[in-house]
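Think of it as A, B, C and D in the order they're written, each chain with its own count starting at 1.
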């Protein structure tokens, strides 16, 4: 049930939380360099990757996201000194918990992307979208009240 | 499935008047341009905006107004802030009327009436006062005591000065809490003013305002010789259903939304004082 | 007229009913968990005393969608997506839960009628199930409920591997008549009546041995204000954790909330169970009249034991099912409150 | 044991060390245990109870009680002392107002377990070796004490008191509890099986908040689920998503602070095994960041407030086979 998409036109919906200082600028750089990354990725800018409340991730799945990726500065490079160290611990535990509840572990990911890594941002997104496309639609945390029809 | 109480209808806000800095009056009609439903003075309606909230608001206009209903609303919470920010033409959801309303055609008939209001507490009384004015011959003398924090906080000031003060056999007493420039009327709190004016106990009193004001006004009236059975008030409680089922406006064996909001102090005396 | 059927034919009986209309029976999901579920061949009826959730869920579900709204510019569209319910049968409801329907009816079917409730209620046929092994937490007899002879549209006893069936209301009798009881080797005779009488006597004798047998609620309708101001509430409510377990497992608690959910493509208005034990229950922009757990705790029990009886000719809003006795995290239950009220009243009279 | 506790409580009240005692009392049934504050020795003698059913953790009551005037004595079972330390760490208790008495515990029983095992009409319970003998109106019924115990007691992590002013009885040991066995069983399933398992369990949730309100780690002044502006407050319609959301977030909020006292599972009126969520976090934390027992010492730094710059595992460890 989970693994098949209902119709031919299905495209994965990906939410990317990007930290303002590194990853969002990385995405920007990809843009200014005219590098293509899949349009399935919807970026939400956050001040720091550690601003991301676990509820943000659950809400994304509730509203029909098929995958959630968090991008932050490389460890050691956080604009706020230690934010991404906390992200690293929290998200490791949260993803493990989601996996424990049956939300496939491939649907969540953390990547470190610096402001200079426009190409890396594109590669990461390409890879993630490919992975989610293979997995198919995520129904396990979807809230039926949020369906379009 | 028959239409019923809990499904709201769509109303259109046709006019918005700024009464005071934090009170606006909203005129509401149905999508067909006609008044949505008939009501008794003192009854309320549930106004809501999808996704924002729903609140019980007393109907400010008199039932004798045949074209529309009006609601004077103070900006205090999430929903009321939203309402204050909207523009005419906006549709909102409305259901009602709820509550018992004032006994205008029974207890009040033929009596001298004393209305005492503070701040936005005028809103529910406004409906009765205009109803009584429209059926002037059915009632005796009318006194209105209305007080607010300051002059600009007096709701419906223009209407009072232009219409109520000119009505035959009707006196309007205004007061504000603190002295201010451009105000030559009375200054002082409503309960004290009511005492000073020394109203005759032949009148039936109707109070609405903040709980502290109601409390002290009642004490003052009792000193003047009023009995609890001739003093009425209209209550406020959190409400959700409006039809006496959801449980939150329960006081003793009464539900404010269904058995109230209008009670005489006689009736309230028999209930636990948890309101 | 009582019909007896061998107990091993129960699955056939259930199958026959399920062929007529949708059928719900209590099912044991595990040793600890029994719930009402739609019948399917192979499902075995639970003989536990109480299901985890009370049967009020059928008429007054935990969450009930009410209407949908679509907003576009300044326009709002109201979509009432309700449909008339189909007839259905709830089989195996205990005497206490059956009484709870009467109590809920007096709230939801009072003028103005709650049509969401009415829609589910009027299409239900209730076949009750007499208790053969009441527990020490049961005190339905305190409220005049006979566990050995439950009400409902029809009732069932199970004793000595025999099922006894009796129609009560027109609706219940009509349902039983539609069944092919002959195919179940059913017998309707005097012996069935005698057996049932003996079974009732047996259960009544057991009840007399229970510690709560002598528990009787006092008629406090005249003493509303005295009890309201009694000092007992402070001591009792001090221990309360303020969770809503008691209200949600209670078959007669009927408070609800109405909320909107914005799904992004329209707003769904729903109602859901709510609890007077929560501090936001009466919260208004200007504050709440029930400021501490004392007021909230008092409200719940005053409502059940005083306010509701005043409004409903002395009928209490408790059926003695014992769920709150078993489920309260700290065992601060209605029996303790009733006893405290009683002691308090005795102190009053002495003074 | 009960007599010893009563004696000590009366002494403390009589000599003025404390002016109140926090313990347990019952109602009509011996298992009807309610945490109770006793104000006098007379009250203690009449109503104080300590038996196999006194499972309720008294630590959380101290948040409010220790703010009141005067000193309060409290009886703490070994697992309660962990919660006590954790609350101290979080600065929620006024230590100078508390006189903590450690008391031994060899596992507690819930009457619910007896009822669920079909034992009805219980009038009394006696310990007989490894068995509980229940006197019921239907005759005498036996159940092994081990089976009657709460799950948390069967997999008890420690019989050692980590904090007390005075200890009654003998000190116990930290135990090898096998408490992660069930977590491992779930981990070995496929995602689909796990999803179905949790769906089945969590869909029963009635959002009564008993798990939260009883939890000593859930001591926020205003819970996020009580904040109407959070969009997730307690009465969000209960559907599959909201139920899962509530329990994941609650477990996450207490991760690193949960002492595994097991109160959540004990009080759940729908018998949802909530401890399996908390234990997953505890197990993962132990595996990744070193063995950590919340409440073991006062003032410990929670692993979710701490980090190391170069030794912490990357989140991708989850994708690469999970945390084992």
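By definition in this document, contacts are C-beta pairs under 8 Å (C-beta built on N, C-alpha and C of every residue); 3 or more make two chains touch, one makes a residue touch a chain.
In this text, all values refer to a predicted model and were calculated from it rather than measured experimentally.
Distance from per-chain Cα centroids to the pooled protein Cα centroid is smallest for C. Inter-chain centre distance (subunit A to subunit D, centres taken as mean C-alpha positions): 36 Å. Subunit B and subunit C, compared by their mean Cα positions, are separated by 40 Å. A straight line joining the Cα centres of subunit B and subunit D is 51 Å long.
Averaging Cα coordinates per chain places subunit C and subunit D 30 Å apart.
Subunit D has residues 237, 239 in contact with two or more other chains.
Within subunit B, not a single residue touches two or more of the remaining chains.
For subunit A, the set of residues that touch two or more other chains comprises 143, 145. A list of each chain pair in contact follows: A-C, A-D, B-C, C-D. Interface residues of subunit A, counted against subunit C in their complex, comprise 63, 143, 145-148.
Residues 183, 186-187, 191-199, 232, 237, 239-242, 244-245, 248-249, 251-252, 255, 277, 280-281, 284-285, 288-289, 303-304, 306-310, 312-319, 322-323 of subunit D are the ones touching subunit A in the complex. Only residues 26-29, 31-37, 56, 111-112, 115-117, 120-123, 136-138, 200, 204, 206-210, 212-214, 226, 228, 233-239, 263, 266-267, 269-271 of subunit D touch subunit C when the two sit together in their complex.
Touching subunit D in their complex are the following residues of subunit A: 2, 54-55, 58, 61-62, 75-76, 82, 85-86, 88-106, 108-110, 140-145.
By the touch criterion given at the top, residues 29, 31-33, 35, 49, 52-53, 62-63, 133-137, 206, 209-212, 238-239, 241-245, 247-249, 257, 259, 261, 270, 272-275, 278-280, 323, 325-327, 329-333, 335-336, 339 of subunit C touch subunit D in their complex.
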